[in-house]
Structure formats: C-alpha cells, structure tokens
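Below: a set of structures, written as structure tokens.
The two complexes that follow have subunit A in common; it is paired with subunit B in the first and with subunit C in the second.
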Partner chain A sequence: MAGGDAFEKKFNEVSNDIPIFNAENIQNNMKIIYYSRTFLSIVGGVIAGILGFTGFAGFVLYFLVMAVTSVGLIAKAKFSVQSYFDSWNRVILDGFLGGLMSFVLFWTFAYDIVHIF
Partner chain B sequence: MAEDLVLDTAIRDWVLIPLSVVMVLIGVLRYFVSKLMRSYQTPDPKIVKEGQVILRARNLKSAANFIPPKSFRARRIYLCNEENGLLHVPKGQAQNAQAQMFSDPNMAMDMMKKNLSMIIPQTLTFAWVNFFFSGFVAAKIPFPLTQRFRSMLQNGIDLSTVDVSYVSSRSWYFLNLFGLRGLFSLILGEENAMDDTQRMMQMGGFGMDPTRSLGAEKDNLDIIQHDWVLSKFEQRAEATLRKLVKQ
Partner chain C sequence: MTGLGFVVGVLGVLFLSHAAYSTIQYKNLLKITEDEFSGPPMNVVLELVLGFMFCMHAALSVPGKFQSIHPDSEENRVVSLPANMEFMIFNHRGRAIISEMDMKLKL
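Then we have the complex of A and B:
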C-alpha cells in the first residue's frame, strides 16, 4: 500500500526528531555509567600501582580500562545502545575524565606503598 | 640519582596512609553532619505550580505531533492565551517573585551552611597537614613531570636536585582532595553526588526569574508548527487488521 509506505516514512522521519525518552530512566542509566567508570578507574589505579607501571604505561592502562568499560556497558545494553541512551557519546565518552583523578590517586597510592618504601 | 632516593617506611606508616584515612573519614563525617544540619523547607506552592506548568508545556511541545490538531490547539490555548492562560504572566508580578526569592532568609542560610560544611573541614585538614607533615618528601608520583611543577608540588623542600616526581605531603593532600571525590560517590551513595548537583542547580536558579522561564516556554509553544504524524492511523490499522483476517 503506497499510502502506508508514505505514512511510515513520514512517521519515522518525525519520530527521529522527537525525543521519546523517559528522562528519569536516562538519568538512571547515566548514573550507572558514572558509577561503573569510577569504580573501574579506582580498581585500574590499584592494579597499575601494584604492577609498577610508571609514566605513559599507566595512562595507557587507564585508557584500556575505560575502553573495556565502554565495551562492557555496550554489551550490558545488549548492543542496542540507542534504546538505552540518547547518543553513543554517552556510553563512550561520559565520565571519561572524571575518573582520571581517582585513577591517579590510587595509582600513586599503590605504587608508593608497593615500590617506593 | 633520583632512582636512589629511598624513603623511610615510617613515612608510609605515619604520613601517607594516615593522611588518606583521615581524609576519607572526614569526608564521611562531613556527609553525615550536613545530612543532620539540612533543614527541610516546605516548598512554596506557587513555585511548585509554576514548575509543573512548565513541565506540562514541555511535554506538550515534545509530543505535539502525536495528538490531533484540534486537541493540540485546545491545549495551546489553555496554556497560553492572553487573558487567563497558565503560562501568561501579568506584567506586575514579574518583579515581585524575584524580590521574594532574594529576601527569603532561609535559603541564604541553607546555602551558607552547605558552604561552611565544605570549607571548614578543608581548611582544618590543610592546616593540619601543613603543621605536621611539611618539609620532607612524602610520596612519589609514578609519572614524570616538568620542572614547572616543582614550586607547586615540592614546597617545603628546598632541594633543586630532587626529581620533580617526588612530592611533599601537601601535594598528597591535594591529590586526595580531588581524587577521593569518586570514592565518596561510591561509598556514600547517590545522595552525595546529588547534593552537589542540587547545589549547582540552586546556584544557577538563584538569580533566575521563574516567571521569565514561563514566558520563554510560552513563546516556544506559540511558534510550534503542528504537524500530525498519525493522520492516517485508522486506515493503516484497518489495512493491518484486514491482512491479519485474510491469513
């Protein structure tokens, strides 16, 4: 049916522009992302410190941990990110730099305790 | 020669670990103290009402194309006609609301309490660190830094030959101050983080005129081009059902 097709096209066009998300659920999902990133940056910092990474290697480890987190989150969203978040950047970039200070702190802490004294 | 530097284990046992533990405990204490001091103020019904009207207008704006033109027009007129629409603000009241907000002493008091509960522990801890743990190397940062950081990270140590990555206890304090924020949000739950964002929102909303946002929302609603996307929905449903019946 031609009319149906045209209708469907129009409907898809319009519904792409319209935010049909539940704001509270989005916020909850964002919070989960934030928590997992913070937690993993602390764990990653301790790991980097115990393994004795210095300089560039430690930051590489941080980026690796964050990348793994992103992959984990996407897997948790059953690879259909669009149905849980309003954009890909949310999953990949949000909270990326927020965990860096925690990472550096725990990295320094573990490194000092294990290797310096 | 920087590699040869050996730090006393007493520094670890009596400076590094205690400092971190103390800062975590102070953070937890501050959280509970501010929780106790928080005064619950009954929200002003007028402000709540305005907020709900704004929410309603936003919902109408975002879902406008899913309702028939007639319903949309009815809702728009209800919200923003010039005589008694909910979004329409009479001229005289605009200043009044703002003045009332500024003169509310409870709000200013609350904000001052929050700020004080932030500043006092920080100042005390900083003074404590400066008094007890200054003048020696306390930690080593595991990444290299340039000479520029020397004056910031090594104050109290007047040795220009020591590698910059060896830092004094004051730097360790600052590292804790910024790095523990993530840990707090994990161990104290969402309320801690929410408190911060709420404070931000309050700061932002403090000088803002609530009636102005009503006006902005009214303008937004006025310029909407209504375009009903479900106009052929009955026919489509009929076609689908017929197809189902045929099968």
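Then we have the complex of A and C:
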C-alpha cells in the first residue's frame, strides 16, 4: 500500500497548514476567563481592605490573587490549554489590568468601611 | 452544577462580610484598650482564607465550562449518526475514486 500511504501523507500536509479554530468557542472561553478574573479581583480587593493593607503590600496581594487565578484557570482547562485557547498568553496575562482597577476600587471601599468609619 | 457554584459563592461573600464585621468590632475593642491595630485576629484571617477559597470555587464553576476550539473534536460534531436509519449510506463512489488515485501514483 505504498501508493496509499503517499496519498494520505500529502492530504495530511495540506490540512495542517492553516489552523482553523471555532471562533464562537474561543469567544466563549475568553468570556469565562474575564468573568472569573473580575470576580476574583473584587474579592481580592475586599480582602486587602479588611486586612488593612496600605501601599505596596496591597499590590503584592493583587499579583498573588491573579497568579492563583491563572493556576485555577489552567486547572479548569484540565492542563491541556492548547485545546481550549490559541495561545498561553490568554490564560496567564489576559484581563490583568482590567482586574487591577476593580481591585483598587473595592480595596479602598472595604478599607474605608472597616478602618475609617 | 452552576447552581451549587452560585450558592458556594454567596456563602463565600457572606464569610467575607462577617469577617469585615468582626474586624470592625475588634477595632472598637482596640479603641477602648488604646492599642494599635497591627492586624486582624487569627479567626478573622482564617475566615478570610475560607471565604476566598469558596469564592474561588464559585468563580471557576459558575461562568460555564470551557469548550474545545478544534473543529474536529468530539463535541463540535456537525453531523452525528443519524437517528433515522433510512439515511445511512453504505455504498458510495469514494471507493472508486481512491483506487483511481492509487493507480495514478503507482505509475
């Protein structure tokens, strides 16, 4: 079956050229990441406010919370990130700065409620 | 499954607000004894960690499951075995085409 093998190999080479992804599912997965990160940024902000962090320590807590969120998302994707996203950056870096603003907002909010009033 | 995740999330938020309330009471106590606030008491920290873990579980289970982006994965099938047996085809012209390619490559 040498002829048959050559035929199959040529067919496979052509079909591996351009990876086509299901765009609707990519969007769905990005939405899930965005919701998870925003919610956990808010929760992290409330925790930083209750613990009375001021200044640098709060941002350290934010990075810690984001790192834990990344690990959680990778675990949710059952460690095979390639089959749900088109690049690793999506799971690790996406939504970082948007979450930062929510974090600072709820951080000041909680700090005011617990420590000042 | 998202229903349970939602309940766990609400529970986590309740733990957080109870921790905030305990910290406020603790600060009032410190005002009476004129001490400085160095950190919330141990049970508040424990409650915060517990609340954070509950919220984490909720954040990962409530928004929905990840869906595979490969067009050839099992859950993205456009066509599945027909439930109606009348549309199943067992003989078609593909068999003739492949053996034609065979003969061309062997030349």
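Convention: the second predicted complex is superposed on the first by the 100 of 117 C-alpha atoms of A that agree within 3 Å, B and C clash if a C-alpha of one lies under 4 Å from a C-alpha of the other, contacts with A are read in each partner's own complex, and residues count from 1 in each chain.
In the analysis below, contacts are C-beta pairs under 8 Å (C-beta built on N, C-alpha and C of every residue); 3 or more make two chains touch, one makes a residue touch a chain.
Only a predicted model underlies this, so the values are computations on that prediction, with no experimental measurement involved.
Steric overlap between subunit B and subunit C is absent once the structures are superposed on subunit A; the two fit side by side. In the superposition on chain A, A:Gly72 makes contact with subunit C only, not with subunit B. Contact with subunit C, but none with subunit B, is seen for A:Asn29 once the two complexes are overlaid on the shared chain.
Applying the stated contact rule after C-alpha superposition, one finds that A:Asn89 touches neither subunit B nor subunit C. Once chain A of one complex is fitted onto chain A of the other, the partner contacts of A:Val104 are limited to subunit B, with no touch recorded for subunit C. In the superposition on chain A, A:Ile113 makes contact with both subunit B and subunit C. Touch criterion met: A:Phe53 reaches subunit B, while subunit C stays clear of it. After overlaying the two complexes on the shared chain, residue contacts for A:Phe39 are found with subunit B and with subunit C alike. For the pair subunit B and subunit C, the least inter-chain C-alpha distance in the overlaid model is 6 Å. Shared contact residues of subunit A with subunit B and subunit C: 3-4, 7, 31, 35, 39, 113.
Looking at the complex, you find that subunit C touches subunit A at residues 9, 12-13, 16, 19-20, 23-24, 27, 37, 39-40, 44-45, 48, 51-52, 55-56, 58-60, 62-64, 66-71, 73, 76, 98, 101-103, 105-106.
Every residue of subunit A that touches subunit B in the complex is listed here, in rising order: 1, 3-4, 7, 10-11, 14-15, 18-19, 31, 34-35, 38-39, 41-42, 48-49, 53-56, 58-59, 98-99, 101-109, 111-113, 116-117. Those residues of subunit A that touch subunit C in the shared complex are 2-4, 6-7, 20-22, 25-26, 28-29, 31-32, 35-36, 39-40, 43-44, 46-47, 50-52, 68-69, 72-73, 75-77, 83-86, 110, 113-115.
Residues of subunit B touching subunit A in their complex: 7-9, 11-12, 16-17, 20, 62-63, 65, 139-144, 172, 175-176, 178-183, 185-186, 190, 193, 227, 229-232, 235-236, 239.
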